[in-house]
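In order of appearance the chains are A, B, C and D, and numbering begins at 1 in each one.
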Amino acid sequence: MKKIQDFNVKEYKWLNDSSYVIVLQSSYPIPEIKPGNFAEIAVPNASDVFLRRPISVLDVDRELNTLSFYIKVVGKGTKKLSELNIGEKVSIIYPLGNSFSINGIQNALIIGGGSGIAPFVLLGRKLQEEKVNVTFLFGARTKEEIVLTEEFSKYGEVISTTEDGSMGEKGLVTQHSVFKGDFPFDKIYTCGPDPMMKAVAKIALQKNIDCEASLENMMACGFGACLCCVTETTSGNLCVCTDGPVFNSKVLKW
Amino acid sequence: MVDLSVKLKDLELKNPVTTASGTFGFGEEFDDFIDLNKLGGIFVKGLTLHHREGNPYPRMAETPSGMLNAVGLQNKGIDYFISDIYPRIKHLDTEIIPNVNGSTVEDYIEVTEKINEIEGINAIELNISCPNVKEGGMAFGVSCPSAIAVTEAVRKAYDKTLIVKLSPNVTDITEIAKGVEDAGADAVSLVNTFLAMAIDAKTRKPILSTITGGLSGPAIKPIALRMVWQVYNAVRIPVSGMGGIMNATDAIEFMLAGASTIQVGTANFIDPTISIQIIDGIEQYCEENGFSAAMDLVGAMEV
Amino acid sequence: MVDLSVKLKDLELKNPVTTASGTFGFGEEFDDFIDLNKLGGIFVKGLTLHHREGNPYPRMAETPSGMLNAVGLQNKGIDYFISDIYPRIKHLDTEIIPNVNGSTVEDYIEVTEKINEIEGINAIELNISCPNVKEGGMAFGVSCPSAIAVTEAVRKAYDKTLIVKLSPNVTDITEIAKGVEDAGADAVSLVNTFLAMAIDAKTRKPILSTITGGLSGPAIKPIALRMVWQVYNAVRIPVSGMGGIMNATDAIEFMLAGASTIQVGTANFIDPTISIQIIDGIEQYCEENGFSAAMDLVGAMEV
Amino acid sequence: MKKIQDFNVKEYKWLNDSSYVIVLQSSYPIPEIKPGNFAEIAVPNASDVFLRRPISVLDVDRELNTLSFYIKVVGKGTKKLSELNIGEKVSIIYPLGNSFSINGIQNALIIGGGSGIAPFVLLGRKLQEEKVNVTFLFGARTKEEIVLTEEFSKYGEVISTTEDGSMGEKGLVTQHSVFKGDFPFDKIYTCGPDPMMKAVAKIALQKNIDCEASLENMMACGFGACLCCVTETTSGNLCVCTDGPVFNSKVLKW
């Protein structure tokens, strides 16, 4: 069941120049959050932000009643959210969206870029519970942008590519050696910039492997009321906020 | 005890607070957040004769104190509404008011006739003001003769409460309001969105796939309020007012300007519980200011 | 080096940034804050034939991302401008452009003829869109025949650059723009303020003494931008664009939509140095995006 | 010369439930401020405040580069200004408006109500320098609303009225015993709610004493550019922000 709930800022952790984890705490219980779910966060005290901002849930602690989000500063709202006072009130609508499907797989490759790594902590944990072998492949421009690897390595091996070669292999994720030769994976999950996800989906298609992508989109509501957030699929325009954000790459008109 | 009930001609609502078409889905999307039975009414998402995919993505842009949308009446068509959606929401103890759209007068009539058959639906809102479709839509609402023509035609096909939704993109909204009043409308609702545009300076491209879209939200409130007041003074039929209502105070301002009922639109996206808060706020205002009935607020602005 | 100079027909401005009439006094009010000589031009406060006291207080209301004003063309008349004010500002190395107002066509002509005599003034802005006066003003600008009539009459009386300021309170602004183009206007400026209203729910009275006033500020930007784009595509004369420009990005958006020059209005109240910052911002944008001349931005939006 | 200048919040002092003194500091010098001058303060981080807010200068310290303001919370902007973080940046346009005239007087009566006491610290100090005897008469509903008396008593005697009689004489300022019998004053200065100032001006007229009133008004700019802030005077509509805020009561159409 979706809720609108007040949280308070508990802490910030900056991961690099432009991205941080914000931890929010509530005095009320938190419902179950599935990997892939996101929240619509109202940005307080911002004169130039009108709508809520959709952000994936990075992690949840249902004992402490905390939610955490991994946020990359790209504009007004993500900047303002990074500047709140500890204790400040933040209103959240959540949990929103669908979730990744997991049934019957053995070896999962999770490919993330940019802020598109956020849903993969919950996904990694879930896959581990389900005894699925997980490999994380993260791509970025430089090593500073590869973050939270310690957290991810709890759930599987972390490999990476950087455009400048400062960490992992040099190049783009789709050029990683993991795609060459033997390919043990029976499922790919991906989230990140559209071009990356499209390239990943293409590889998955070539290798005839199931691939799920978590999409971004401009959203006004986040819960299916406005029909602003559509993406073209084989069954017409679907809402990313309710029919997604996770789609099987085969249904997307990529 | 404040009497919150209001009337739009023969249509009685338990309170003045309804939700605006296209901003509240079919109500179901808000079921998790509020008790839908508390609402005065729900103007459901715009319906057309046939299934419509709507406009390509991107359909939304944020603007100062507002937003643009270019949804373009995406919906599965009136038959699907009747067969699949309405049965799921008809149990609600609130007025379900379909928003009727068309590219031609015939379209409007056909959709209306189908709705006329549905038991439990006591009113329709004739949308002659959608700025986001290539054919029909706003074109009907910005010219007096065509607004009259479509209203007259639908009036003949419909015997329950007929609300006509006006476009603010006109020189003189009272002229159109008077025209549709004479053509048989039981009430007018206003305003629909303002034709507007957003550009991304970085890419030097329009943000919306359709270049222009419809502006809604608090940015338009002062213009909408002026139009409601003008129309209230120009016609005898009741007015359903909207445009940037974000809280009870805004809603009360629209009622003071002459709106018998108000519609909450864009605000639903930001706070899905706001419509209920507005009902409570109107009740409280009436109590604190000695109004025994919400209807007494209508047009109570002292000039 | 970016060439910032732009042209409104024959009028050459050193850069596209001017200040909007009624929001910049006669320039002097900003002397403490900025170097006025850096501006492309100054559209001075609206002038009328005779002294006008303007409307009673209250004349202002704050609204979401905007404000209403009901100043009503308070000014000491054209003769006073010529004898007392202009001599104080004529040394400025920027275009001083008077904003000409009237209740009748004769008024407009008489004011224009007096300005025609002033050396150093190379252009006027014909305001047929003031929503805050009982007679004349917006009435001229919302009907095509009257807009044409006043433009034709003033055109005969004036041989320098004639800019006609259009009202956004119309169904189709391109129709009026084409009309005044045919009537001899050298350029059009848009938009003036939107007719709007604010109510104080506590007192149940309108906030402005005149009930309605003119809405300006970022709230109107998306509508203004749409109108500039429409007019740019409808006429061959240049467009001076405005409506809610708060920073260089906004100004660039107006230029991309088709404005050859832009006017900074309400933003001057919030940051009296903003016009200069906008000049710098446009220059920087041109440098960063490989435009060697500001004129290349005009209408450069890719559709 | 008017300036636009950034300050930082140095401290807050709450005087009662709804009014406070905010002290702002700049790293740049502060120009001369005259009694009656005001500033236009931009309210940061406020989603619902568009225009600056006009507030009288309470005090100035040109060595520390601080300005202080006495603010009563009446709405969105005055509330938000009370909630800034220490160190937060605030943009100010100042000094604005005219000033009280002082020439040739010996005994001044200063009458204030509500937030209309703010200009009188600078005025009291100036009058003291000019060797003028000062009496402050403050009116309020209850004693909690009579504030800063310690500061004012540095410059003259402080007397008061409260509507509930909890401090000073019971009643309105215009009913104070100072107006009965011998009346030693040759000048009245007043600032506060319009009805109070009008009543004071009427008494001044009766007693044939010069009276200056500092007016409030809805302002968009504060420096003469918009012509929104007029008041009716014997010479037509004048701007409160540039021709005022201080007017001789005789020119006002009261």
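We adopt the following convention: contacts are C-beta pairs under 8 Å (C-beta built on N, C-alpha and C of every residue); 3 or more make two chains touch, one makes a residue touch a chain.
The model shown is predicted, which means the values in this text are computed figures rather than measured ones.
Chemist: Supply the minimal count of touching-chain steps required to go from subunit A to subunit C.
Modeler: 2
Chemist: Indicate the whole-number Å distance between the mean C-alpha point of subunit C and the mean C-alpha point of subunit D.
Modeler: 36
Chemist: Round to the nearest whole Å and give the separation of the Cα centres of subunit A and subunit D.
Modeler: Those two chain centres are 54 Å apart.
Chemist: Please report how many Å separate the Cα centroid of subunit B from that of subunit D, as a whole number.
Modeler: Their C-alpha centroids are separated by 47 Å.
Chemist: In angstrom, rounded to a whole number, how far apart do the mean CA points of subunit B and subunit C lie?
Modeler: Distance between chain centres, rounded to whole Å: 34 Å.
Chemist: Could you say which residues in subunit D touch two or more other chains, in rising order?
Modeler: Answer for subunit D, listing residues that touch two or more other chains: 49.
Chemist: Would you pick out the residues of subunit C that each touch at least 2 other chains?
Modeler: Only 61, 63-66, 217 qualify.
Chemist: With chains as vertices joined when they touch, what's the shape: line, ring, star, complete or other?
Modeler: Topology of touching chains reads as a ring, each chain with two neighbours.
Chemist: Taking the top-of-page definition of touch, could you list the pairs of chains it picks out?
Modeler: Chain-chain contacts present: A-B, A-D, B-C, C-D.
Chemist: Tell me, which parts of subunit D touch subunit C in their complex?
Modeler: By the definition above, subunit D touches subunit C via 1-4, 42, 48-52, 91, 93, 217-232, 236-237.
Chemist: Hey, which residues of subunit C end up touching subunit B in the complex?
Modeler: Residues 61, 63-66, 68, 142-143, 169-172, 194-199, 201, 204-206, 211-212, 215, 217-223, 225-226, 229, 244, 249, 252-253, 256-257, 285, 300-303 of subunit C touch subunit B in their complex.
Chemist: Using the touch definition up top, name the residues of subunit B that touch subunit A in the complex.
Modeler: 22-25, 29-30, 32-33, 45, 53-54, 56-67, 69, 71, 74, 217, 266, 268-273
Chemist: Note which residues of subunit D are touching subunit A in the complex, please.
Modeler: 45-47, 49, 85
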